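Before anything else, here's the structure in question.
Read from first to last, the chains carry the letters A, B and C; within each, the first residue is number 1.
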């Protein structure tokens, strides 16, 4: 257990040293937040609500999605793949720590660091430029924070799984990029799911991607209340557990293959 | 004969900016830049005649790579004059570079993702090598360097030894008059090193190519170079035959003795005990002070000896001593060796 | 002349090496088309809940969107050597010195150092969106418009290319990735995919006066599509694209040469 927390702490500290990278990432994401907000405002064009989503909610959506990109390592994360391809995995598997837990610790530290010096400042600056919807009760805030933590866990579960493809294919990077692409399509990070046609929105909500990006936002803008809040958290928890199980299964198959066939 | 490399009072200064620390420091860096001036190369002068195989050595940070960069046109000197193969390297880059070659031990000169044959083919085109010359050279080199097993492999998949051989082949394909070799044997095993050395020697002797060899491996210099230049702190400290240098500084010899009994105390005048392990004792002594035979006589007068061996101090140790103790700064000569 | 032949040779070799596994390659391209195309598909699906954006219909948005995607993809294929991800390591690993040691033009060597055929994905995606746009809208095609269109595409390619070259040049000094420059290249690609009058004033100003994306996307489109411009600029502005690009590219190359000279005097 202490090894796990130590891993988180080390990774967290390391993330904080990447000042320049985080700053530039922040600036880029902020710029895109402004772009997305502008597009949504232009679309809404004086309408107040479309399909249950208010214009203010849409603007808030634009800010939060960009803030989450760094935190969730949304666009690419191939650290595990690289370590497998470069043979580092052998050394990592020898560590007295579950391979999955080890990488989870590293990612949690990174996510926490990124959240503090990239996501948070970004959102605060965004707040300064736009009027947004804030959670309207302490409960709402707390559930939102819980949901954000679960988001990272779901995101990690998916990213880790995708990276495991490296055990089987030297072309795993191409497969990985496509898999990441799938996650963007159904996450509702580009356009709010509520603006999608119903069939697409419903399908997206069934995927783990919507669960890790759109759900927290819906909580934040008070679209989900009471019973829906519980349901949202349960959905996220389901995916967390789902990935824990699947990832371990696939990992053990992968390690077996590695051990039998050699690096 | 006109020298192929002519360097006179060559200097290169670098500004090393001192960075302010912290967040505020990052802002201060934009307005208030303080720097130190480093004389990486400080008034260096030497000539190299066509056909020479010269060693260029010195400790890390001595100014070797800075000199080479100026000689190859990668860096503009701060002051001094420089003429290589009739050109001013950095000013007449394209024409100058056409006639020289360079190999760097630390990185490849070839194209990372392309099979070797493609790289060589590119070189043929870039240097406009006539087909017959290219074929003659290529076939000759591939045989000596044994490149055939991996000619179709991209550079990124080659082992260090294979890559070095490929780089060497590439550097000489266009019959350059002058080639710079920067650490060509670094990281290689003994067999590989010898193969590279043989090739370098072959090129220099058979084709008359002038070669300037920068290396940390003194055996390279010993086996290949008659003349060696030593640079430290940006200045040339020695320019002459390696043998002369060793005669003056490499005078220490090693006497390894296995005594018949485990003597509690062993004293030997004019010699130092370097190591002792029971009966086995290693002494070092100055050749100029006492001869080996005299020392052995002295020893056997007082002790019973089972076995012994006399060796010269390894050259690496001599050179290291020269670097560490800055011996050449105190030496009477620091210009070209009159004996050569 | 020799350097140009070398450039083509290098490109040919890279194409050959990238096509070594044709199935894998085609899959990657298709995958790229799908992932990149999703943004437009998502936008189009969303658009069905609205009737216009800033007075432009879906077909008109697709017009500028497809053009921007196609141009950026084309640029990304040819100017890939200047992409920070490739050029940064080149400097850091000392491979740039290798270019200086070859008797060939340095700039052309950088062009030839990386050619990413995979970018065909973005080009195909952009083309598809553009063709879709043509199926939705009625353009009054005059000879002038037909001449201007390809000229516009070329301008956009060199516009984005200039940004890449400038970005690469900055690595001579910083070593660190100046991601801030992504705002101009990738951000420029983004804003040029929409009718730019919908963006708030500060963003419009940025992409008019600092990086003149608006002159390469919005105003030419206003002319070709026959839209009214709520910003009220004179008609001539629609034709500035090639000239602005020429100036930008010239400045970028000057800066690039300055960077090389500086690299040679101060070392790496």
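Here is the rule we use: a residue touches a chain if its C-beta (ideal position, glycine included) is under 8 Å from a C-beta of that chain, and two chains touch if they have at least 3 such contacts.
Source: prediction; values computed, not measured.
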item	value
Touch-based graph of the chains, sorted into line, ring, star, complete or other	line
Contact-richer chain pair [B-C vs A-C]	A-C
Between chain A and chain B, centroid-to-centroid distance (C-alpha), Å	53
Computed distance of Cα centres, chain C from chain B, in Å	47
For chain A paired with chain C, centre-to-centre distance based on mean C-alpha positions, whole Å	29
Chain B partner contacts - residues on chain C that touch it in the complex	2, 5-6, 9-10, 13-14, 17, 93-95, 97-98, 100-105, 264-267
Interfacial residue positions of chain B with respect to chain C in the complex	14-15, 66, 69, 72-76, 90, 93-95, 97-98, 102, 104, 106-107, 109, 111, 113-114, 118, 122, 125-128, 154
Residue ranges of chain C touching chain A (in the complex, touch as defined)	24, 27-28, 31, 34-35, 38-39, 42-43, 45-50, 52-54, 176-180, 182-183, 186-187, 190-191, 194, 198-200, 203
Complex contact set, residues of chain A against chain C	20-21, 24-25, 27-28, 31-32, 34-35, 38-39, 41-45, 50-51, 171, 174, 177-178, 181, 184-185, 190-191, 195-197, 200
